[in-house]
Amino acid sequence: MQQRVKEKALELLRNGTVDRVIGWKTGEFFYDLTPAVFETAEEIEKDFVFSGFSGANLSKYAIAQSRAAGKTAIFLKPCDSYSFQQLLKEHRILRENIYIVGIACEGMLDMEKIRAAGCEGVVSVKENGEELIVETLYGDRTLSRKDCLLERCAVCKSKKVVIFDEMLGEQGDEQETARFDRVAELEAMTPEERFAFWRGELSRCIRCNACRNVCPACSCEKCVFDNDKSGVRNKAAADPFEENLFHIIRAFHVAGRCTDCGECSRVCPQNIPLHLLNRKFIKDINELYGTYQAGADMETKSPLTDFTTDDCEPSIVHERGGVK
Amino acid sequence: MQRIGVFVCWCGSNIAATVDVEKVSQVLAQEPGVVFSTNYQYMCSQAGQEMIQESIHKYNLTGVVICSCSPRMHEATFRKTCEKAGLNGHMVEIANIREQCSWIHKDKDVGTEKAVVLGRAAIAKVHLNAPLTAGQSPVKKRALVIGGGIAGIQTALDIADAGFDVDIVEKQPTIGGKMTQIDKTFPTLDCAACILTPKMVDAAQNEKIHIYSYAEVESVKGFVGNFNVTIKKKARYVDETKCTGCGLCTEKCPQKKVPNAFNLGLDNRRAIYIPFAQAVPKVATIDADYCTMLKSGKCGVCSKVCTAGAIDYKQKDELIEQEYGAIVVATGFNPIKLDKYDEFAYSQSPDVVTSLEFERLMNAAGPTGGTLLRPSDGTHPHTIVFVQCVGSRCDDGRGKSYCSKICCMYTAKHAMLCREKYPDTDVYVFYIDVRTPGKNFDEFYRRAVEEYGVHYVKGMVGKVVPQDGKLKVQASDLLGDRQLHIDADMVVLAAAIEPDETARPLATKLTASMDTNDFFTEAHPKLRPVESPTAGIFLSGACQGPKDIPETVAQASAAAAKVIGLLCKDSLTCNPCTAQPDELMCNGCSSCEKVCPYGAITYADKEFRGPNRTTLIRRMAQVNPAVCQGCGACTVACPSGAMDLKGFSNKQIMAEVDAICR
Amino acid sequence: MSVNEQFQPTIVAFCCNWCSYAGADLSGTNRLQYPANVKIIRIPCSCRLNPMFILRAFQRGADGVILCGCHPGDCHYTTGNYYARRRMTLLFSMLDFMGIERGRTRVEWVSAAEGAKFAATMNEFVETITKLGPNRRLEDLRCSKE
Amino acid sequence: MIDFVKRISGVNPRKCMKCGKCTASCPAFDEMEYHPHQFVDMVENGRIDELMNSKGIYTCLSCFACVERCPRNVEPAKVIEAVRTAVIRKQDGNHLKPDAIPALLDEELPQQAITSAFRKYRK
């Protein structure tokens, strides 16, 4: 697969189907792949990489690239395709300028987990079916691939690429997952415990804005937190309130639009489980207003721009009780 | 920095008794930006208003805070006061220290402290206020009346009388509506046709009125003063301009077995027809469901006999676009279907009829030529049972929970007419209550009982069983505490009335609101009864609720007066507190559009300067200030905060929050 | 403990212009008392209430925030309160999820005729907040009164 | 007792608008001294005792024509059924005392027989 993706990128560029390709390129380390736009075959030959570390969701880059002259190819893993379609639904991407190559995905790898398994001085990671062969300065190690997946991949909600022009590999299906288990665990705690948990997590926030910059839903032309007119302009979090404020508002702004791609947690340098905030909204929406998956289709109204006359009252929050 | 004047009102002792007004004005004088602060006995009085105006000039005020009664009371007053002194009305904020302070607190210290906080919040807001000017939108001087019954006709005539063009859209081939089917009218017993048909002719002959008969409203765009309506003229296969209404075709058409809808199916008509002799326009219409020429291409008799050459089998539906300043809904009512009321044997015996069918049976132009005969065997009925409240006041899901209002009176009318024309008939009326509020109404009902000897029985009919050519009626007589068994020849059911089935889809097109019974809701149940909450949409007749003819005509004229009031204006002043998107921040994501109840938000592609002298095209929200009512739903739906509400901006509200929590 | 030492919460009530603000006026007209801790901010419709306003109030030292709007189905703008209802439900749930006391936020539908309900609601809410004590979990330390 | 009848019948007599359709529908009208609309009215006005002592409550056929036809969903037949139940429950002179049961219990005896035995064999 890794080779097929790169060949496809070359092919599309060479046969003139597209003028540029959005893909991944090597960063400082082999596991540190970053999104990149390739305009020539040479660039692709040199830098294009698709591997178990190509976790980055490329959909957000289509906003700008779809407005560039000519046509752009983009590679979308299943979860990325939801983000892409959500952006399309919000009229952010000009579909006619994009050529989508869907990629079947077996889950992306988390370097932190490989390190946590006791591998130091990692030089390369090779995939061999269900196994990972980790080459380190101190000899090779073999790990189970399953144990080294990113959190979001371990609880993957869907292997289905919802929008594509061409598909590499087998199309998959939506699947039942345990992705809400952690949210439910937190819900079962006492308010005091929850407060302590989130204080512990959010107090580590350094307001680097990585979560915001990577999030496909956070693609506003100008964020409220950068906007003087909003009255809440706020560059750095100076106190616990502002740490809370930023993350609550961010989660609220993407509620009903967040596809649960998990990029926010993947990029957080402080390892704050930010996806739990988004998942809490998704879980509430599913439970209170019926199951809704952002980006799954182009038609369904987002739950926050919709209503029924017999919706539950906000007091349901009190009635549901603290410990379930 | 604003130069703010603070004016604390005593409201006699209403405020001054529990708020130390002197202290409030002193403390607020210390607030940043406040250059003048005072208190006075009655700010809203002539002297108080003059004081505000003088201070505006003297201290060169750019903002005014008035600590007084609720803004719902005097905000408009003080805005006008300031406008007269040259200050924009939206630079005034009211701190509500009466209803929300002095009147609910007893302790003077507490009241004073709270009044200060409320004053601070108002000052904080004024700092961020900007002068707002209400926009103007032009008014198209033409009205549309949807529905050509007596309500629609009356509204159209009144509007036309004032000199404005009016179009009537009527879905039937003729205007006139339900009233054309009615025989006599209560309480005067004059003939309905005699008073209605002259009005129909007036409407047809009025140069200002244009009638689109056999037409429906296809779509409605725009807003008050500027509606853009597409009207669908259904194909009637007869050229209206050529047809003389001679009626020859309707006599020669070989297809004779078409249920006559005008007589409610009590007799038959031809496939080409003119609903009744006084139809307006008096033009034939081909019923495409029955015409053999249209169905199989064989026949063409009407075309052959028509000397005017008006028949056109190839006619197509036609779409007409027209602009209007106001729209009047006059879609009227229908009797409900009685298929769920098995106990009255309506579907088992032709001698059980609805009241509207009874009207046709009594009418000289009806299927029996005005002689009351049983539909089953054409004999004269000797015992007639009337049942009231069939489907009205019904909570069981089969009928309507409301009172249909007109049934008591028309049943009294029917009973009276029966006894008058045929004194040998026994007439029973079963009632739950007899409701006769209205001029000369109760007298009318008493006459039916006292002079005409109609048997009014307090009770209800339990069941009707057709047996041996009779209708066995089992009923209760509650006052006599007995059960009655009557062998009747006819049973007449006073069916509940409901809004026409076209009303609901029309309401959606108009974005006008309806109640759960599909009656249009009025802007205010008491004070604005002929207007819809949607600006520019007016209500006439039974589409708003059950009504008799005098009430319908009264409301029709009232709606016309409102329309005339609107069309007289050259332009409309818009609500200045509207939403406004910041183009630099708008993502064009359509979140705001989805929550806007008025359809005030549209999108357009706009060019922006990108980096390196490139041009970027971005999708951008645009708010039509003439349509926006300023609810603010969009401001919260907007993820980037690009949408803000003038007069209640994010910053203004947060400034108030800050001042209160300080 | 003297009256002065007793905890006096700061409470912000957002009221929609058409129903609840009029309902609040009515409780004044009827001289129905409720504590002075409640300060009302007028907004055109409950759907104007941005979650940021609520958070801002807590930041600047409010101890409780309540939103009052027209009863569902009675919105002056026909649908505003339906959106507000969903937004507030999700926001309150999130605040609860982060461990903020549930009682600090509330939504109540008050019509223009329900002056008594407005006063009763405010009395009850002030009592709840007084019991909960000062808002410690969601405040800006720089703005605290101590 | 009124509350008891209202509760077990689930009927709100205030919904009745005295139209008399129930009485008009009643096939057993001639056998009863009180008629369906009167049942409802008597419950509403607290005349339960008269109703409990009336023979009419047993001549009601429970055909439910009144329930079927009532335009306000008042359900008069349910009131009658509730009054009958009230009469039964009032007869506290049960033949059997609960304490005596265990001794008499026979494995083979159907449950229903025990219940009816309570009520059937009055002293």
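Lettered A, B, C and D in written order, each chain numbered from 1.
The working rule: contacts are C-beta pairs under 8 Å (C-beta built on N, C-alpha and C of every residue); 3 or more make two chains touch, one makes a residue touch a chain.
Please read these numbers as outputs of a predicted model, since none were measured by experiment.
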* With chain centres set to the mean of the C-alpha atoms, which chain is at the far end from subunit A? -> D
* Structure fact -> Rounded to the nearest Å, the gap between Cα centres of subunit B and subunit D is 48
* Structure fact -> Note: subunit B sits from subunit A at a C-alpha centroid distance in Å of 50
* Between subunit A and subunit D, tell me the centre distance in angstrom, where each centre is the average of that chain's C-alpha atoms. => 66
* Structure fact -> For subunit C, residue numbers touching 2 or more other chains are 51-52, 56, 79, 83, 87
* Which subunit A residues touch at least two other chains? -> 224, 230-232, 304-305
* Tell me, which residues of subunit B touch at least two other chains? -> 595, 637, 650, 654
* Asked: Between which chains does touch occur?
  -> A-B, A-C, B-C, B-D
* Please name which positions on subunit C make contact with subunit A in the complex. => 51-52, 55-56, 58-59, 72-73, 79, 82-83, 85-103, 105-107, 137-142
* Can you check the complex and tell me which residues of subunit A touch subunit B? => 67, 90-92, 217, 219-224, 227, 229-232, 253-254, 257, 301-302, 304-306
* **Touching residues (chain side subunit D, partner subunit B) in the complex** => 15, 17-26, 29-30, 35, 37, 65, 69-73
* Okay, in this complex, where on subunit A does subunit C touch? -> 183, 186-187, 191-199, 224, 230-232, 238-242, 244-245, 248-249, 251-252, 255, 277, 280-281, 284-285, 288-289, 303-305, 307-309, 311-318, 322
* Can you list the subunit C residues touching subunit B in their complex? -> 10, 12, 17, 21-22, 24-29, 31-34, 36, 39-45, 47-53, 56-57, 60-62, 76-80, 83, 87, 119, 143
